[in-house]
Structure formats: C-alpha cells, structure tokens
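Order of writing sets the labels: A, B, C, D and E. Residues in every chain begin at 1.
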Amino acid sequence: MSRHRRKLSKKVEMAPGTGTIEGEPNSAPVKITVIDYDASRYEEKQINLVGECFPYRDTSTVTWINIDGLNDTRTIDEIGQCYSIHPLILKDLQNTGQRPKMQDLESYLYLTIKMMTIDEKTQEISIEHVSMILGSTYLISFQENIGDVFDPVRERIRREGRIRKFGTDYLVYALIDDIVDNYFLVMEKLEERVEDLEEELVVNATPESLSKLNKLKKDMIHLRKAVWPLREMISALDREDSPLIQAETRIYFRDVYDHIIQVIDTLETFRDMVSGMIDIYLSSLSYRMNEIMKVLTLIATIFIPLTFVAGVYGMNFDYMPELRHPYGYFMVWGVMIGVVVVMLVYFRKRQWI
Amino acid sequence: MSRHRRKLSKKVEMAPGTGTIEGEPNSAPVKITVIDYDASRYEEKQINLVGECFPYRDTSTVTWINIDGLNDTRTIDEIGQCYSIHPLILKDLQNTGQRPKMQDLESYLYLTIKMMTIDEKTQEISIEHVSMILGSTYLISFQENIGDVFDPVRERIRREGRIRKFGTDYLVYALIDDIVDNYFLVMEKLEERVEDLEEELVVNATPESLSKLNKLKKDMIHLRKAVWPLREMISALDREDSPLIQAETRIYFRDVYDHIIQVIDTLETFRDMVSGMIDIYLSSLSYRMNEIMKVLTLIATIFIPLTFVAGVYGMNFDYMPELRHPYGYFMVWGVMIGVVVVMLVYFRKRQWI
Amino acid sequence: MSRHRRKLSKKVEMAPGTGTIEGEPNSAPVKITVIDYDASRYEEKQINLVGECFPYRDTSTVTWINIDGLNDTRTIDEIGQCYSIHPLILKDLQNTGQRPKMQDLESYLYLTIKMMTIDEKTQEISIEHVSMILGSTYLISFQENIGDVFDPVRERIRREGRIRKFGTDYLVYALIDDIVDNYFLVMEKLEERVEDLEEELVVNATPESLSKLNKLKKDMIHLRKAVWPLREMISALDREDSPLIQAETRIYFRDVYDHIIQVIDTLETFRDMVSGMIDIYLSSLSYRMNEIMKVLTLIATIFIPLTFVAGVYGMNFDYMPELRHPYGYFMVWGVMIGVVVVMLVYFRKRQWI
Amino acid sequence: MSRHRRKLSKKVEMAPGTGTIEGEPNSAPVKITVIDYDASRYEEKQINLVGECFPYRDTSTVTWINIDGLNDTRTIDEIGQCYSIHPLILKDLQNTGQRPKMQDLESYLYLTIKMMTIDEKTQEISIEHVSMILGSTYLISFQENIGDVFDPVRERIRREGRIRKFGTDYLVYALIDDIVDNYFLVMEKLEERVEDLEEELVVNATPESLSKLNKLKKDMIHLRKAVWPLREMISALDREDSPLIQAETRIYFRDVYDHIIQVIDTLETFRDMVSGMIDIYLSSLSYRMNEIMKVLTLIATIFIPLTFVAGVYGMNFDYMPELRHPYGYFMVWGVMIGVVVVMLVYFRKRQWI
Amino acid sequence: MSRHRRKLSKKVEMAPGTGTIEGEPNSAPVKITVIDYDASRYEEKQINLVGECFPYRDTSTVTWINIDGLNDTRTIDEIGQCYSIHPLILKDLQNTGQRPKMQDLESYLYLTIKMMTIDEKTQEISIEHVSMILGSTYLISFQENIGDVFDPVRERIRREGRIRKFGTDYLVYALIDDIVDNYFLVMEKLEERVEDLEEELVVNATPESLSKLNKLKKDMIHLRKAVWPLREMISALDREDSPLIQAETRIYFRDVYDHIIQVIDTLETFRDMVSGMIDIYLSSLSYRMNEIMKVLTLIATIFIPLTFVAGVYGMNFDYMPELRHPYGYFMVWGVMIGVVVVMLVYFRKRQWI
C-alpha cells in the first residue's frame, strides 16, 4: 500500500501551479514511439528526442505518439508546447491518482483511463494510469510504465486492417476497446478468487482466509473506482458533439459502453457475493465450535457422574455396607453401565450422536 | 460456473471488429425453422440451407425465422446480408453475455432477452440468451440451443388464432409474453426453495444449508441481472415511435410490462427474505450451543462438588474423625443429596431446567 | 403460502389473450349488489342475473355495482360488454397478483387497490384485491370474496349524507378512504406485534421468537408491496386531467394521499425497528451463554483444584509423611479453604460474582 | 407507546368528512391567548370566548392567536368560520399524526411543525404537534397542550424589538426559529446519551444496555420523522411566491433552513454512531466470553491431568511397584510439577497468561 | 466531545437576530494581519485596531485581511460596517457549526470551508472553521484560532509569483487549494491508522482496538461532513456567473474540484474498509475462542475417562478380582494407553491436532 500512500502525500506542500508526479517513481528513462499511417502507408519508429516527432504534426496522416514514463517533465512540456496543450492538462497528465474522465478543450479532447493487467503468477492486479490527447490528426498517449495491452492494435495497424481507413477517433476507440477487453481477463481471475475463497470459508476457514477476504475486498474497491467513472466518460464521448468524433464512430463507442456495463454488472455480482462472506466465515466458526463443544459435553457428561460413583466407593469410612457385599463391585458396574446407556439414549434423542 | 468464466475470457485478445461466440460452445449444427403466415394461409418448414428462407423476404406475409445455435458464423453472416443487418449487430448476436436491451436501427429493431427454464428434476435454472431482429414483415429469432418455450405460440399460429390477424409486432409480443410467463414458473420453484431453506435453517441447520443459501443467492443475482433490464426494454418498446410497432399492439406491451413488474416485485420479496437468512443460521447455531452448554454445565456443576466430597473421604490420613463415626457414610450422602437439591433449585430459578 | 404459489404458476401455459383467474379459487357463486342514488332518491338491491343491472346504465344517477367473486368469467364478460370495457382490462380484473395502479382509458378509469382486514382472533392479516371501473355515472367494484370494509359508505348513502350530493368520483374517494382507514387498524395490530416481539427477544428468546420474527418480516414485505404503489396511484388520480374527476373532489384525494404517507411512514418505522431484531436475539443468546459459562467456570475452577488435593492424599504410597501427621487432615482442609478464598477474591475482582 | 397506538386506531370507523382528534386526549379546557401589535402599540390578553378575538380580524395590526388544546372542536370550528378556513384544514388541525408540511390556500398558508422539548429530569423527549394558519394580518397557532417554547418571542414582542416592525411572516419565522433552536437542545441531550451508551457497551454491557439502545434508536426514528420533512417545508416557504411572505423575510427562512440542515446532519451523525452499537455489544460479550473460557481452560487443563496421576496411585492393586518405592511419593510430585511447568510454558507461548 | 456539545447548546435561548459564538471559546485576543499587493508592489502588516485596515478598502490593489479569533464581536461588527456586510452574514461568521457553503450576495461572495490539520505527535485531527468574504478588491478571511495552512500562499505573494498578477478570485483559489492539499496529508495519516487497525484486529484484537475503531469511525464521519459539501460549493463557484470570478480562474476551480473528488473517493474507500472491521474483530474473537475450546476439549476428553478408570480401581470393595490379579495394574495401564491412542486418532481425523 506504500504506493498509494506516497501518491497522497506527494501532493502536499507544493504551490498550486507546480507539476507533480503522483504515480510510482520510475527511474527508467522515458520511451517514445511514433506510429504514423493512413490507408496507403504505414511508418513506425522509436525516437529519442521529442523534436523528432514534431514533423508529423502538420501532416494529414494519423499520428499516434506513445510515451512510456511520466517522470520526465521536460519531455512532456516540449510536447505540450508543440501541440499547444494547456499547462493545467500537462500537470494533470502526471497526476496518476485521477479517476477516468473526459475533458473537451475544443481543439483536442483529454481522456484518462485505467489500464489493468494481471500478473499470471502472483495473481496481482496492477492498475496503470493512461492519459490520451486526441486531436484531429494526432493521438498522444501517456503511460506510467513500459509495457501495455495495445499490441493487438499495433498488429492491426501493421496488417493494414480496417483501422487504417479510419481517423484518430477510431484509433482511440480501438485502444479503449483493448483496455476494456483486458478488464474481462481481470474479471475472470477475480471470479476464480471469489469462488475459491467462498469454498475455503465454508470448508476450512482460518485467519488467513480473513486476510484473503480483506485483500479481495480492497481489490474490488480499487476496480470499482477504476471502472465506474469510465461509464460516464464513454457515454460523454458518445453524446459529445465535438467534430473530433465522427458520426460513424459513435456506434463503436456505444458498443464499448455496453461492454463496460457488462464489466460493471460482473463487478457488482462479485460484490454481492463477497459482501456476505464474513458472515459465512463467522457461521463456519460457530458451527465448528458447536461440534467441538458437543464432543466435550458428551465425554464430560458421561464420565463425570461415573467418576463420582467410583469416588464414593473409594471413600474410607469404617462402615459402608455396600463394600462388604459380595456382589457390590458388580452392582456398581451395573449402575454405571445403566447411567451410560441412559445418557446415550438422551444424546441420541437430541441428535447429538 | 465454468460457463460464465469461459464467456468472460473468450472476449479477450480479439480485434474489436471480429465476431466472437461468447456462449456455451455448441457442437450441434445450427437448426433453422421458418413459419410463414397471414390471416388466410400458414406454412411451416425446417430448412437446411440459409438460402431457402430468402424467398420469404419480399412477401407481405409474416415470416418467423428461428435459428437454434449461434456457433455457425457463416449462416449468421448470410442471413445478415440477406436482411441487411449491421455487422456490429451480427457480432452482438453471438455475445450471449449481454443484458436484455432494445436497439432501434430504423429499418428493424434489435432485441435481446433472457429465456429461463427450470429442470423439473434437478431444480437447476438455466438461462438462455435469445436475440430477435424485428422487421416489418419478418422476425428472426436466435437461440443458443435447441428447445424453447415458444410451443404455445406455434400452436396458436397453427390453430389460426387471433395472432394470425396481426403483424410481426404482435408476434414479438407473443414470444416475449411466453418468455415472461415462464419466469413465473421459475419464481414458483424459487419460492419453494426459499421457504424450504428458511425452515431448514431454523430447524436443522448444517454447513450444507450454507452452501444451499449461497447457491440460492447466486441464482437470485443472475435472475435479477436477467429480469431488471427487461423492464426498461419493454418500456422503451412501448414509448418508441418506430413504425414497426402498431398503436394497437402497444397496450399488449404495457400488459407484459405489468407482468415484469410483478416478477421483479416477487424477486425483491425473495431477496428480502434471503438477505437475513445467514443471521438466522447464526442464531440457530448460537441457540443450539446454548442448549449444549446448559447440559454440560448442569452435569458438571452438580457432580464436580460431589466428586470432591467423595475425594475428601477417600484420603488416607491416619486421623480423620468422620471416617470412624458409625453414621459418617450416611451423613456424607446426606450432605451430597443436599448439595444436589440446592443446585437443582438454583437451576430451576434461572430457568435452565 | 400455497395461495401465492398457485397465483404464480396458474399464469403459465396459457395463450396471452386468455382470461386467467389468479386469485384463490372461490367456489361460492358470484354475488352482485346494485346501489343507485342521487341527492333525492336511493335504491339498493341484490341481483342474480347480470342483465338486471343494465337498466341503470343510461340513467344520470350514480350506480354502484359491487361484485363479490372473480371466478365467474361469464358474468364479468357480460358486464364488460354492457359497459364496453376493453378485453385486456376484463382479463386484468381476475389477476389478483397485480400491484395497485390506475389506468386511464378515456371513457373510464381502471383502479386496483389492496383491501386489508385483520382477523381479531388469529391476528392474521388478509389482503384482498379490489378492482374498480369508474365511469361518469357508474362505479363497478370487483372483490375476491364476500365481505368488505365498505359498510360505513353504504350507511352514509342510506342516511342521505353529503355523499349523495356528489358524483362517482366522490364515491370512489369514499371507498378508497375506507380502505385506507382500515390500514391504520392493521398498523395498530402490527405495532403490538412488533413491540411484543421486541420485548420477548430481550427477555426470553427462543427459536419460536425467530419464527415470529420471520413471519413479521414477511407480513411487512407484503404490506409494503400493497401500500407503496398506492401512493403513486392516488397522486396520479389527483394530477390526472380526466373529466371523470371533478376539481372539487381533488382536495379529498390529496387528503387520502396524506393518510397513505402516514401509513408508509409508520410501516418504515416498523421496518427500522424490526431490521435489527435478529441482532438483538443474537446478543441475547450470547449474553445468556456468558451467564451459563460463568457458573460452569466458577464451579469448575473452585472444585477441580480441591479434588486434586483430595486425590493426592488418597494415594496409597507406603511413605507419605503428611498422612502420618496428627494434624495432617486439618491442615489439608486449611489449604483447601485457602484455595477457595483466593479463588473467590479473584472472581470478585473480575466482577463475576 | 400507548399514545401512538391510540392515534392510529382512532382514525378508523369514521365517515371521511368527520373531524377526528388523533392526539392525546386532553381534558383540560382550551386556552386562548391573543397578542396584537404593530410598531407603536402592543396588547396581550387571555380570552375565554372565541368571539372575543374576532374584533382583531379586520385591523391592520399583527394578531397572533394562540390556542392550547385541540379537543374542543366547537372552538376550532368557530375560528374556522371567522377566518374562512377550509373544513378539511380544520379537520387536519386535530390530526396530530401528520408530518410537517406547508399548504398554500391562497388567502392563507397552513403550516404544521413538531415542537420538541426535553424533560430535564427524566430525559424524556416529548414531541408536540403545532399547526399554524398564516394570513396577511393574523397568525393562528394551535398546540396540543399548554406550555410551549415561544416565551422568547413573546418577550421580544413585549420589549418592542425588531419583530414589532415586521409583519406576520417575520412572526412565523420567529416562532419556527424558536422551535428549531430547541431542536439543538434536544440534540445535545441525545449526544450525551449516545456517548454514555457507547462507553457502557464497551466497558460493562448488560441486557439493560440493549434496552437503552432500543430506546435510543426509537427516539431517533421519531426525531427523524419530525425533522426531515421540515427541510422540504422551509424550502417551500422560501420558494413559494405567495404574497404572504415578503422578499426581505426570505433570507431569514434561508437561515432557518441552514439550521435545520445542521440538525439533520447531527441526527445522521448520531445514527451512524448508533447503527453499529449492537455489534459493539456483541463483540464485547464475545470478548468477555473469551476471558471466562481462558480461565476455565487454564484451571482445567492444569489440574485434570494431575488429578489423573493422583487417581492412578490411589488404585488398590495388590501389586503396584511404585507404591512400595521409598521415594515414590516424591517422584510423583516431581512428575506433577513438571506437567504444570510444561503447561504454563505452553500457555505463555500462546499468550493466554 | 465537550466542544461539540457546547456548540449545540449555546445556540439555544437567544433571540434570532443576536450574534452567537458557537466555536471553542478563545480567550486570546483577535489577531488581524493585512496583506496588500498588486503585480508591482507588496505590503504586509499586523494591525491592532480594525480602523487601520480601512484605508485599503478603496484602492484597486488586492487586500487580504486575515482575522484569527472569532470571539470579539465588536471587531467583526466594525469590519462588517466598513465593508457593508449583511448582519446575518456577520452572525453566521461566528457560527462554526456550519457546513461548507457559498452564498452570493451580489457585491461579495460569502464562503465557509473547513481547514484540517493533523497533530504530528498525537495524530489528532483538528478541524477549524474558516469563513471568507470575497469582494472585487478585497478578501477577508476569518479563522477560529491563530495558526493556519496558508504560509505557502503568503510565501508565493512575497516571492512575486504568478499569484501577484491575478485578482482576489485567484487568491481565494490559492487559499482553498492550500486547504484541500492539506486534506491529502490528513488522508495519508488516516490510511495508516486504517491499515494498522486492520492488522491489529486480525492479529491481536483487544477491547482497546474496539475503542480505536470507534474513534476512527467518528473521525471519518466528521471528515465526511467537512468534505462532502465542499464538492457542491466549489461546483457552485465554477457555475456561478458572478462578475467576481473571472473566466480564466474557473479552470483552476475545476482543478480543485477534481482534487476534492479524489479526497472524497479516498474517504469512501476508507469507509468501505472500516465498515466491515467490527465483523473482522468478531470473527477474530470467535476464532480464538475455537482455539481455546479445542485445547480444553482435548485435555478434558483424554483425561476424564482415564481418571474414571483410575477411580474404579481406587474403590474399596472387598471383592474386586482385578485388584488381586498379578498383572492387573499393568493391564489397566494398557487399557488407559489404548484409550489415549484412540482419542488421539479421532482428534487427528477431525483435524484438531
């Protein structure tokens, strides 16, 4: 949780206009890749100096500039100047604590979205903040770290797919669709964890189960925070009458919207399942306690009276007529066996054994 | 739950425009039946090649094409081309994870709805995704599997009922009404399960009851997801000013709407009943624990002091005056009986016995 | 609960246009009474043939036709034809599972409402479905069973009260007001049950209390379902610009509306009270368990060590110096009394005794 | 609670137009006081006959008629006739079960509000229903009982304060402000009770705590019912474009509105605090149970094995070699002390002692 | 909590127009500082007499008058007269129980906001009420106590930062931004407390943990009350078409709005985490109880039967054949060891050991 904590405290003690990086500090250098294409041509290169991507600005081809790493404020400022981005937006780009949102700044749209990936081994869900600046002929995406879920889109651009015939609005749709598709993968893993935990709680609950449950709840809170605002954002993109979004692309955003609703529905289903789990744990503990107490009670209630009987005839009084009786010992055994039988019948009647 | 899981993961790693089958894989071949009728004539046949149903397209009679099985993308694409269905809708047809919705595409309406059936033997509720394309003279319905709840409608068409005098809008109403009528059957079975479980939890709760409760909760979550959006969809059908829905049919949709409200009310009632059941289970366990502990406490508190008394006179001290007393033994019995009586009176006073 | 179950399942397997009786089957014949009045005259009779009430149709006097029993579809159809009621409304009349609602069909209004009565002896709340057709000069009311809460209204009509000067809209107000007044009676009985149960749960909770609590919750769910939609219905009656509701009657409907709000407020108050009762039961059980365990612990922790001491000196070793000591026995008693005193002081300090 | 019950049942079995007194029956006679003032003069008197207050009707001075006691229907009717109040309002005046509301009847406004006072000794909160008829030159207030919170207002009128320069709208503001100020007093006492109870539940919870908690919850439910609707009512008074409320008075109503929001905020805070208290009680009981069980377990697990050892050497077998051993007795003590030490180490390791 | 209590009760028994100090009584004298600046010049001084700040009123420079301490009604009244503040606002200034709000009084805006600071040592969160009067060339801020979070703003004014080029609207933005930045610091400390407590509850819960949990919940309730209304207030500032807020400043308020949303999201996340903690505590107690009971049950069920066996052969009957048997003693040991083994196998099977 240290990551979150840092994000919170970093913000403080700075003058309002100063750019702050609120995400994970990332000492790796910024990596910039440019993909430039239209229906007929395609170019892809990795650049080192921001200036190298400026020539693409005034062409009519679609230019997708992807920037991995947010900690190099100078690079971001240079791009901001080149594409005339408002300083507050440049500052916002580095604030990874933001919720998904869409802001229309007339000559461009500013979008933020959470990218989710799941580590196959540790099952850890990692949420990465992605910002996009959508202009009429360019799309600039900013990511916290190297590595993303956009390879299918890159492949389709290379393969000269349908995507090459559309503009930047379809490109932004394709990227968002990729991100949302990965949400389904995360949901799937989450479902496994929910169901495994549910079974564990009924069958063999331990305090570790409780820790798992807490972890699960927290993960779900973070996912909700990442997914819910997306719904509003996509719906705003669809309604928005910006000339940057073509009429024929809108139906695709509506499709993404439906997928997000499906993700939200699934999340809410999990939430409903998880919300009562602590009660399952409690009742599971109670049930086991009952079983333990039944055993104790059975043994104790059978043997305590017998021990008393034995104790009586272990007394050393000078005059105890039973002790002298030739069949005394056997009669006592008879009494004791009788007591046991009565007890057992009673317990059977109460369905304890 | 493997079905749901597969549905989630299948979606991923595919380019946005590609058709994906998200339902249960169904190796059985697609089965196509055509029913064509107007007030005077009626024809029903099962066809093998999609092309066979094309002649019905341009007639003024009502043509109902029913397709069982969604895994044959080619068949769906051919029908799509014949009736000029938008590619995104064709892709959506195969996405069985969608919630019920209605989309107006001007020359036709696209409807999705969940069909519920209950297995008489296993009491398993199965939810099947049904999509419908409603045109002015045709209705194309897509189902995941063979077998549906539409036989009453088919029977009425054959019998030359009122339905033969109406258009496709009444046909779609009749199908939806059939589906909603089956919801009542499912609600009825659900009610039995809710009430049986409630009794079981009070009378004889075991961990299996907990599993049943979880199962019940999950079933109810899925039913809610299937039924709630229907309300909005039917209400949209009623409000919609599409020329495909005749004014005189609207009153029937309003009737279906009232039935859906009734189903939702019933579901919410069950939810209210189920929501507190885990607490009933817990208190039932606590009550039984109390009963067990009372028995243990009774036996232990009566016999432990007596055993102590017996132990005292089992000591081997050379000088213990009581042991020599001729009535010592009987006096000890007197003391012990006295202790028991005092204990019993105390327990009676506390209402434990 | 069998009644509800039947209501649910009956609906199924019938063609959409067929009339279905969803209420309790009622083998008693339908009973029809007609009350016809205006400011100057008054007539009341019970009729056997539906045709007998047709002459009243075209008069300008207020005609109130009351029909007890919904299972005679023929009678309902005849009345429907006489007063030109839409077939779907006639079918709806027999569906007693409907929620309260108001439908404006231009020449008449269709109202449904739930009538509640409480059995003085068994405290059972019975909810009966009442439908009304309100025309300009007639009011037709349909009830499931003989017996209703409308006697005060009949009495006022006979006594030539204010009601005789108004039209059918005031009559329908008077009937609804009577029904709502009876809700207050039901609320009163419910309050008694809520408070009795609350006390029982604190003082002497048993599993039967749990059953009572469940019963109470279910009753409240059903009452809510009956009362909540009424609010919307009356408010619709007030807003409705139908010529069937006179301006001067509207203020009376607003008054009924306020009463319904009062009933709903009361119901919500009860719900708040009941919602935490299961926790009261649980803590009541926990408290009693604590008391039981305290007694067990007191007795066991005092006597188990003493019994051990006695056991030590009951051993038969050849050489045990204490046994030979002339005051050994008394010294042991001293030790044992000392142990008891220490224990008691400790328990007193922990406030267990 | 008998008061509430009576209020509910009284309503029933009466013809809709009949006036009903739903409050506490109050055998004390009605008490009427008139205060008449303008900026220059002031008159205050108690009258016996309603007629005595009629002369003030047509003057331009502000006339405040206060009526304590609602059970004298004749008095109310006379006032109603004098000031032309609608009969339904007159009936409503006596219905003390109403929620706070404002009704605009053009020539006058009808207001109802709940006055709260707290008994210093018993800490009982009593809620009294107050109705007001606000005309252009008169304000008639109706209270259930003698005694109110309006003395500061009376004092200010007598002292020739700012209030004397304003009209009836400022007077009604002053009265409502007085009532709302008293809500703060009640909140303060409530807070004490909430905090005392919270401490009691953690430190020394008994079933009486549970009863207190229930009482507290019920009080809060009643306060909520009294305060929440007030918010809407005052906001309606502010928005209302009735000529009875001057523009310059509106800012005062907005001030009262802010105070009500503050009261509601406080109430909601208490509600949040109280809502989890039953869980605190439960966990407090559980914790104490744990402590009790630890003591029992310590004593029992230490002494039961020792008692067994002592029992073994209390057996009377002819051949038991240890018994003959000269150091047998001491060796047994050694074993027993060893067992105790092992046990204590184990318990220490588990942090039980 | 005495502070809150006083705040509530002070309000009562005062005529509506009278100024009341509802905050902490502060015997320290009022401290007034004036900062006056424009792009070219800057002046800062602390004054003793209110009159000293009047000369700044009619200049076109930005004048920020900061007043620490609210208990000197005369000072406040003088300032009110100088700047023509409405008397009700002056009274409101001293009511520290208000929620954050914005009121537009045409020639000036009245803002209230809660300033939060956290004591590094005690971790106590203190909430201070700040009011601001925003005119076209002046900003008057009122604080309860000396000491605030505005030093960064003062520093920027001194350093001739961007702030010097803007008007009072940017100044008020800078102050609010400072306050909101401090919320993040408080959130960070709160997160530590939430997580520490969560761990404590699972690992080593004691009744003190319960007290901490209560404290945490209360703190969160107070924070919510302070932060939630801020959202609405800032959004009102942005929407407000007052000439006091320049168009170019609005984007900054939108930025602050986003930060507040982030704080609210974080608070809600904590709330979700804390809401189930009492259940974690309960299940943690239950689990420990299970562990304790297992130990007791193990020891008791093993040794109680053995003690009985030993007791049997401690009886003093004249005729007990086993006692005479040369291997009797060893056979008994054999039986006892057998019993232990059976028991251990049984417990192992039930997974208790």
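Here is the rule we go by: contacts are C-beta pairs under 8 Å (C-beta built on N, C-alpha and C of every residue); 3 or more make two chains touch, one makes a residue touch a chain.
What you are looking at is a predicted structure, and each value in this text was computed from that prediction instead of being measured.
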Count how many hops through touching chains it takes, at the least, to reach chain E starting from chain A. 1
I'd like the Å distance between the centres of chain C and chain E, where a centre is the mean of that chain's Cα atoms. 43
When centres are defined as mean Cα positions, the distance from chain D to chain E in whole Å is 27
Taking each residue of chain C in turn, which ones touch at least two of the other chains? 279, 282, 286, 289, 293, 296, 300, 304, 307, 311, 314-316, 320
Taking the contact definition as given, in what order do you meet the chains if you travel the ring from chain D through chain E? D, E, A, B, C
Can you name the residues of chain C that touch chain B in the complex? 1, 4-5, 8-9, 11-17, 86, 88, 92, 97-99, 101, 206-207, 210-211, 214, 217-218, 221-222, 225, 278-279, 281-282, 285-286, 288-289, 291-293, 295-296, 299-300, 303-304, 306-307, 310-311, 313-316, 320, 322-324, 326-329, 332
In the complex with chain E, residue positions of chain D that touch it: 152, 156, 161-162, 173-174, 177-178, 181-182, 184-185, 187-188, 191-192, 195, 198, 202, 251-252, 255, 258-259, 261-262, 265-266, 269, 272-273, 276, 279-280, 282-284, 286-287, 289-290, 293-294, 296-297, 300-301, 304-305, 307-308, 311-312, 314-320, 350, 352
